[in-house]
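Going in written order, the chains are labelled A, B, C, D and E, and every chain counts its residues from 1.
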Amino acid sequence: METADLISILPEIIITLVAACVLLVDAFGGRRTHPGLLALVVVGSVAAIVVSVVARADGATAFSGVLLTDGYAVFFKVLFIAIAALSIVLAFAQGKEIPFAELAALILFATVGMLLLGATGDLITLYLGVELTSIPVYVLVAIKRDRFRATEGALKYFLLGAFASGVLLYGIAWLFGLTGTTNLQNMALYVQSQGATDPWFLLGLGLLLVGLAFKVAAVPFHMWTPDAYQGAPTPSTAFLAAGAKMGAMAGLLRVVVHGLEPWQDMVVPVVVAIAVASMIVGNFVAIWQRDVKRLLAYSSIAHTGYMLVGVAVVHAQAADGGLMRDAVAAVMFYAVVYALMTLGAFAVTFAVERRTGGTEMEDFQDLGRTSPLLAAAMVIFMISLTGIPPAAGFFGKLYLLQVAVNGGLTWVAVVLVLTSTVSAYYYLRVVVNMYMVEGRPRLLPVPASTAIGAVVAVGVIGTLVLGVYPAGAVEWAQAAFEEAGKLALSP
Amino acid sequence: MNSETLLTLIFAYLALACVVFAVLVVLLRNPVQCALALVGVVFHLAGIFILLRAEFLAAAHIIIYAGAIIVLFLFTMMLLNLNVVERARQFHMQAPFAVVIGALLFVEFIVLTGAAITVGAQGPHSPAWVAGQGGNVQALGQVLFRDYLLPFEVASVLLTAAVVGAIVLARQRPRRPRSSSEMGVGEWMAERYAKAERRAREPANPGQGEGPQQ
Amino acid sequence: MIIPALEYYLVLGAALFIIGLLGVLVRRNLLIVFMSIELILLGANVTFVGFAVALDNMLGQAFVIFSLTVAAAEAAVGLAIIVALSRHRDSLNVDEINTLKG
Amino acid sequence: MESFPILSLVLWLPLLAAVIVLFLRERRAMFAVAIAGTLLSLALSVAVWAGFAPGAGMQFQERFDWLPALGIQYALGVDGISLLMVLLNTFLFFLCIVYAWASVHERVKEYLFTMLLLEVGITGVFLALDFVLFYVFWEIMLIPMYVLIGVWGGERRVYATIKFVLYTLFGSLLMLVAILALYFVHGNTTGVYTFDILELTQGTYGERFQLWAFLAFFLAFAIKVPMVPFHTWLPDAHVEAPTTGSVILAGILLKMGGYGFIRFSLPLLPDASHVAQTAILVLSVIAILYGALVALMQTDLKKLIAYSSVSHMGFVTLGIFSFTQQGLDGAIMQMFSHGLVTGALFLCVGQLYERTHDRLIANLGGLAHRWPVFAALFLFFSLASIGLPGLSGFVGEFMVLLGAFMAGTRIFGVLAVLGIILSAAYMLWMYWRVMLGTLSDAHRRLQDLTRLETAVLAALALVVVWAGVEPQTFIELFTADTSGIVQAITESETAALLAE
Amino acid sequence: MTEVAWLVPLLPFVAFAINGLFGRAYLKKHTGLIANAGVLGALVVTAALFISRLDHAEPETVALWTWAVSGDFALDVTLRVDALTLVMLLVVTSVSFMVHVYSIGYMAKDPGFWRFFTYLPLFVFAMIMLVMANNLLVLFVFWEAVGLCSYLLIGFWFERQSASAAAIKAFLTNRIGDVGFLIGLLLAWYVFGTLNYDEIFAQAPAVAATKPGMLTLICLMLFVGAMGKSAQFPLHVWLPDAMEGPTPVSALIHAATMVTAGVYMVARFNPLYVLTPTAMVVVALVGAFTALFAATIGLAQNDIKRVLAFSTVSQLGLMFMALGVGAFAAAIFHLATHAFFKGLLFLGSGSVIHGTDEEQDMQRMGGLFGKMPVTGTTYIIGGLALSGIIPLAGFWSKDELLGATLLSGGIGYLLYALGALASLLTAVYTFRMIFLTFFGTTRMASDRFAHVHESPRVMTVPLIVLAVGAALAGFVGVPPEHGLIHNYLHDTFLAAELAGLVHKPSTAFVVTLMAVSTLVALFGILVAYGVYMRRAPAPEAVAGKMRPIHALLANKYYLDDFYDTILAGGTRAVGRLFAWFDLNVVDGVVNLVGLVISGVGGGLRRMQTGRLENYAFSVVLGTALVLAFYIFMMR
């Protein structure tokens, strides 16, 4: 191990240290130090972001190949750290209801796992990343342990999660045994040298896909999502959706890009099927939801479906040459967009929850009158989630559709647009409740909260900026992938 | 009889025991007995590892599983004093289907891997090399701390996280009624409304949307 | 060199895996479901070690170390959750914990 | 002149006004800003008109890279067709805001913001020269309309507005896929990957692809127009929408469909257009007669006018798909006229409703006694809408019929002519029931139009007469462009095939 | 001085504009003067034009502006001045002026005075433009414009439901005709590629040679328009109801000018018609039949204005009959004379109604002559002219067209028979009307009878002027076939002559014919006298004698009822059906889609049982499916 290796994991180190400091300060600094802790977290995150952008180790891999240090990794490092920081800020608004320090620490630990997922070049890192992301999140869901629903959601999430990671582990075991390696590229090379269609590979491959599909909450492995999302305290839900899920998505994309190319005939149909199922189930069931958190949970399933469409065409050959760069860039861009808008949406929901203690449609009534800014922000998020310009969600979908059509999956693109037409119905129902239903006069304005306000503001600005001028982000994603592409078998 | 058949016999016994105990885990009524069956599985598995010259893992399994995990299970049962055998139904309604699907899965495993499989490329760590390192433990250490240092570190972070999490969930928190002054404004309002809300609305049945207002 | 042939270990692993899986599907008691999950992990471990030995590749054994770590961590968190849950319900039957649905 | 980004100004001024409005407190100031914004944008569009050279293709073009990674540009430009639509748009919006000054009193800030945003969206649709930009505006306009109906609408507004959004979204999203497909097919054949509309229009596309793409475009546009049987969102939306909402809806939104057919379906997909011609002509004739007959039986004023819109827009599609110069010119004139006349009619109904709080024909009657001015204007616009010669309505219908007769599809022409009897029937019947006969006591002490309202309607009436007496002023703007389209479509090889 | 021709339409239009904008608020009663001034101006200019062009009547045009240019379709708005135009203009403007003057008195007490004098000049403007149009489109434009004016004026008293109903009936019936016209127009453009009169006429022979069927179709379609406007069977139903309008309107629009537009149009297109015998025969037959048909109905009407209305229909029928046999000049001649005496009769009846305060039912009149001598005298003059008593105007024109019909031979004999019979009945109902109104013992309540009074001068003077016209106008057509009007119109109708449709009658023939028709007329008058004067019985009694026939006639052959139930009712039924269909089927499908989607969603939602084991099951199931798929792939 050389210094290069160390440099390449500087952000992870920083985050871990911040987590440790938070715990220590909290343990010895008494109970009245929340703002200090928050400041510490924010500063640390900013530092980590800066470091991850500035201090780039030369060389594409680190730690004998278990870690990839390309632009792709950097891209997701920045994104994930930002998400973590925002989630912690959001959680801060919960006041003393929850042990803030531990919560922050857990989020940061999970973030380390996400960073690994973004940089993984080896199934070991993948597995550990997945676990390191999941285990703290189980706790985050249950952290309001005096609320039964929280613990119930956590339990379901935990048992199924452990089950799924068992499946994943078993699949990895087989892949290791049959390829003699867990390094993604070596695996791909080996498989290419043997005919990729040898059946025994497929067992491991299938189980691997199942495990990852569970982590990104794709149908039919999605069942835990609504319960966990609804049961968890809203800030945790926000992190669950924007953070853990995107982390898993980053890992999945890594695996597909570097490891599964020889298998694409085997991978694509499964991914497409899962994607279509997710879009349909997510959107159709969301129609019936009255609890906004649960609704957003189903919508997140649907959005997983959208992103999987991009994943499916990674290795597709378009008429104008390789599609990989655009496919991956599309998913990356969408990850950013989705993180922004879903964080924002949950932030608003959280604010509303503080008003009435509930997160159902009725609780949103009259928001347009009582707190116009929040309502307007929610409208923007809903528009963005629907995929209507000028919100960022539109370009996210546009890019995905583009690669889908280019990759010859036009029919999937059609499914995508039709299902998102359905989605318009329930997203707009939120707007209906905010503006078009005469609420009970009892409703007061939402109690102000700088923390929530900050998160909402970031969400709104991000959503609008990316919606009006997406070029920067898109080009960054493309450039970032250029490097990762080099590592793939056929850039 | 030569060592090979002997080893095979030993393996046969161990494997059989593993399976039997595993089945017991799934079938026994009393959780405590299940836990003990699990211990049985672990011990025989350790035997199998020894058979495979993976002494360290054998030890690790016994220590971690038998010594830590299963003890935790038993503690939990004590804590919740659930060791009494429940008269209630032990199996789900879906059990038959579950068995079917499980069997199907097993068959699929067989179909997929039943053919003469070609295992992956031979690795560098031949028994000779292992011996050269001074045995299984040293060899494992070499691999673990050279090539897979980072994962090892990550594993430590993982354990830390788990500990923190466990503490957060399990620790007794001061349950004294808090004065509204100490409450965040959010909670305060939340309580105020929550009461009114619940009264106003029918007993909230979450997720039961009244369906799309077409 | 591995005795008896690798296939036996694989089959054992598969068996443990499937049994654990069935346990998850059929048992109502939370703790037993959890134990079944441990069975699944054990099955994976056997497979790993079997392959490791067959391939002369220590990686497999290293991986088992990690799986053990994970198992321990999961046990800690999971049991904590179960304890927390038991404060609300005195029954540990999976199918009685379904207030979240639909 | 070319360098000065006048189109961008026309486009974005309302947005600027909208943003300013957000920061204002009192109603007066907000309206002042809003009116100023719309007026300026109207003035600028008139300036564009002044500087416009008929027949010189796309003018006042502006181009910047927007998302070069995907070959997306910010590209604006006008030809005669879009210019006329933009003029109509800015004109109507100006009048609507002025009218709102008298009528809108609750949530003024939100209202003005929505309206101005709406104007931006619609103007953009007509100005965009880049497909993605076009699509962006096409959908941006959805949300304000949705809010407009949903917040200021009637009892069943939520149902109506969601129906409107979902229906429109359904069509336009399919169109988006078609646009992308177009992008790739063009790119793969020519190697140029661009969303530039002009560039794409140059390209030629395979028969099968054209059919699919046409289907998608058709859905989007047919729903907007709306053509029977995709029209059922319209009556609901109209009935529930607030007055100005209906005005914009009928006045301009529907035109986006016709515009789409002219600008995209025909030039981009000529072969498919030929294949679909007969079917669409049949649908158009059905729309004309069916819409009129249904209107004949409506009891709600707004519904009646809504169905009359269906019937009138039938003439538009009839003209477009006659593939003749006169047909297209007629269709555009019909759109222009329908925008003015139906807009005015909805204003009238709005004024009626604000005074009587009743839209049911059965409950009204004899109002002409109390309001001579209103009666006169209402009659004027009713006559204009039944295509009385000398008023704008006639020009479009007549030229469309000319086109239909020239297209060798005389039977459609003949059937369509019957529509003008029915239109006269339901309009006059409605006018009789509402304005003539004996006045009910409930409406004894109602006031006639205020100066403002009269001025708004008079302004519309003036243009209606102008367009009816000397339509050449408007036709000469776009006839050159339409002739280009006609040429393109008659030259497509399928045309040759059909000719054989 | 043709270049000032645009003044003719402009002046009435200006009057209309002024009255329309300022009438209600400021001008009030002065609107009458302005309107009169405008129309008078038009009359003067027309007269000037006429005189200046007495010797040379070849067409001239005044281009105003370009209406539209689209591809090969280009159209300018142009005024045309030629013999036919001028004749029509003279009739229109002069009669209009008389009516305007008269109206000042007649409408004096009406609250809608200003409205009346806004509509009336508008009509005059439209009518003038119609006459001066130089191409089919402009003709059509003002064809509908006059229809609009008639709609406005029939429904002038809009608080009367019957008035509004009549107005709408008139407009719609006309629209039906107009559709025919429009189709004809479009076909004309399709065939000729132009809409200008002269260009069409120039191509007509060629087209007749190549596709005669198309030419016939065009002519018939245009004629449908004429039928609507000129109230020919079966589109005549609106005219009697149109009597709901103020009497001056009936006089001007529904007797003298607008209703003759159809005749004018066919005459204008004589170069086309002469080329298609079929169309000609149709025109003639429809005309003749209508003439008789309407006359019979006229016998049984009791409303004084309705009698006149049916007589108008019948007279128009005669004109079409003449057109049909190619006697265009005769038709126009009769049109002119008819304008005068029918205008006179209507104004007279108006004067009666005015004098008896709004009594229109002849059964409650009688013996009014003493009370209103001027009206009576002029009325009788008009009646004589209508019945065709030498030497009044009606005689010359009617006699000429009957003669022409007879001469045309073949079907002409039948036509003549119909025409002669019609003029016999004309005499009968005319004098039935006169006797019932002015003579015999009154059937009015004595107190009301006491209040009967002669109308003011402003009304009687026009009566007198028109009476003079009705008496003398005929002499422009004397001697027959060679009168002033014939020579003047000769070139316009040259086509007929070339087509050999014009037959020069021998003097003997003419004289005998005159004798015959005079006798016919006198016989008619005698019949009327016999029935209604000598044994002056109550009209009911007469009706009673021939109950079934009377019922049939009184109900206008039940044609209106037929239309109401079958046509209007049918349309409404279809409309109702479609409305239902739209609401339940078309929209139903849309909502169904929504329901299906949400239904599927609800179904999927049931799967989310909230029970862990089910969740795990779905995971396992998914896994099994994936592997199954792979196994499938291997095969």
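Keep this in mind: a residue touches a chain if its C-beta (ideal position, glycine included) is under 8 Å from a C-beta of that chain, and two chains touch if they have at least 3 such contacts.
As the structure is a prediction and not an experimental result, all values here were calculated from the model.
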### Task
With contacts defined as at the top, give the pair, B-E or C-E, that has more of them.
B-E
### Task
Indicate, using Cα centroids, the chain positioned nearest the centre of all protein chains shown.
D
### Query
From the C-alpha centre of chain B to that of chain C, how far is it in Å?
4
### Summary
Taking each chain's mean CA coordinate, chain B and chain D are separated, in whole Å, by 65
### Task
Go ahead and note the Å separation of the Cα centroids belonging to chain A and chain E.
78
### Summary
Taking each chain's mean CA coordinate, chain A and chain D are separated, in whole Å, by 42
### Task
Among the residues of chain B, pick out those that touch two or more other chains and give their numbers.
92, 94, 98, 101-102, 105, 108-109, 111-113, 119-123, 147-148, 151, 155, 158, 161-162, 165-166, 169, 206-209, 211-214
### Junction residues of chain D, two or more chains touched
158, 166
### Message
Going by the contact rule already set, what residues in chain C reach two or more other chains?
### Response
10, 20-21, 24-26, 28, 33-34, 50-51, 54-55, 57, 59, 62, 66, 70, 73-74, 77, 80-82, 84, 94-95, 97, 99-102
### Message
Taking the touch rule as given, give the residues of chain B at its contact with chain C in the complex, in rising order.
### Response
4, 7-8, 11, 15, 18-19, 22-23, 25-26, 31, 34-35, 38, 41-42, 45, 48-49, 51-54, 56-57, 60-61, 64-65, 68-69, 72-73, 75-77, 79-80, 82, 86, 88-92, 94-95, 98-99, 101-102, 105-106, 109, 113, 119-127, 129-130, 136, 139-140, 142-144, 147-148, 151-152, 155, 158-159, 161-163, 165-166, 169-170, 206-209
### Message
Per the contact definition, I'd like the list of chain D residues that touch chain E in the complex.
### Response
163, 166-167, 228-229, 231-233, 290, 293-294, 296-298, 324-326, 329-330, 366, 368-369, 372, 383, 388-390, 394-395, 398-399, 401-402, 405-406, 410, 413-414, 417-418, 420-422, 424-425, 428-429, 432, 435-438, 470-472, 475-476, 479, 483, 486
### Query
Hey, which residues of chain E end up touching chain C in the complex?
605, 608-613, 616-617, 620
### Query
Mind pulling up the chain C residues that touch chain B in the complex?
1-4, 6, 8-10, 12, 14-16, 18-23, 25-29, 31-32, 34-36, 38-39, 42, 45-46, 49-59, 61-62, 64-66, 68-77, 79-84, 86, 90, 92-95, 99-102
### Message
Please output the residues of chain B touching chain A within their complex, sorted ascending.
### Response
108-109, 111-113, 115, 117-123, 146-151, 154-155, 157-158, 160-162, 164-169, 173, 178, 182-187, 189-191, 193-194, 196-197, 200-201, 204, 206-213
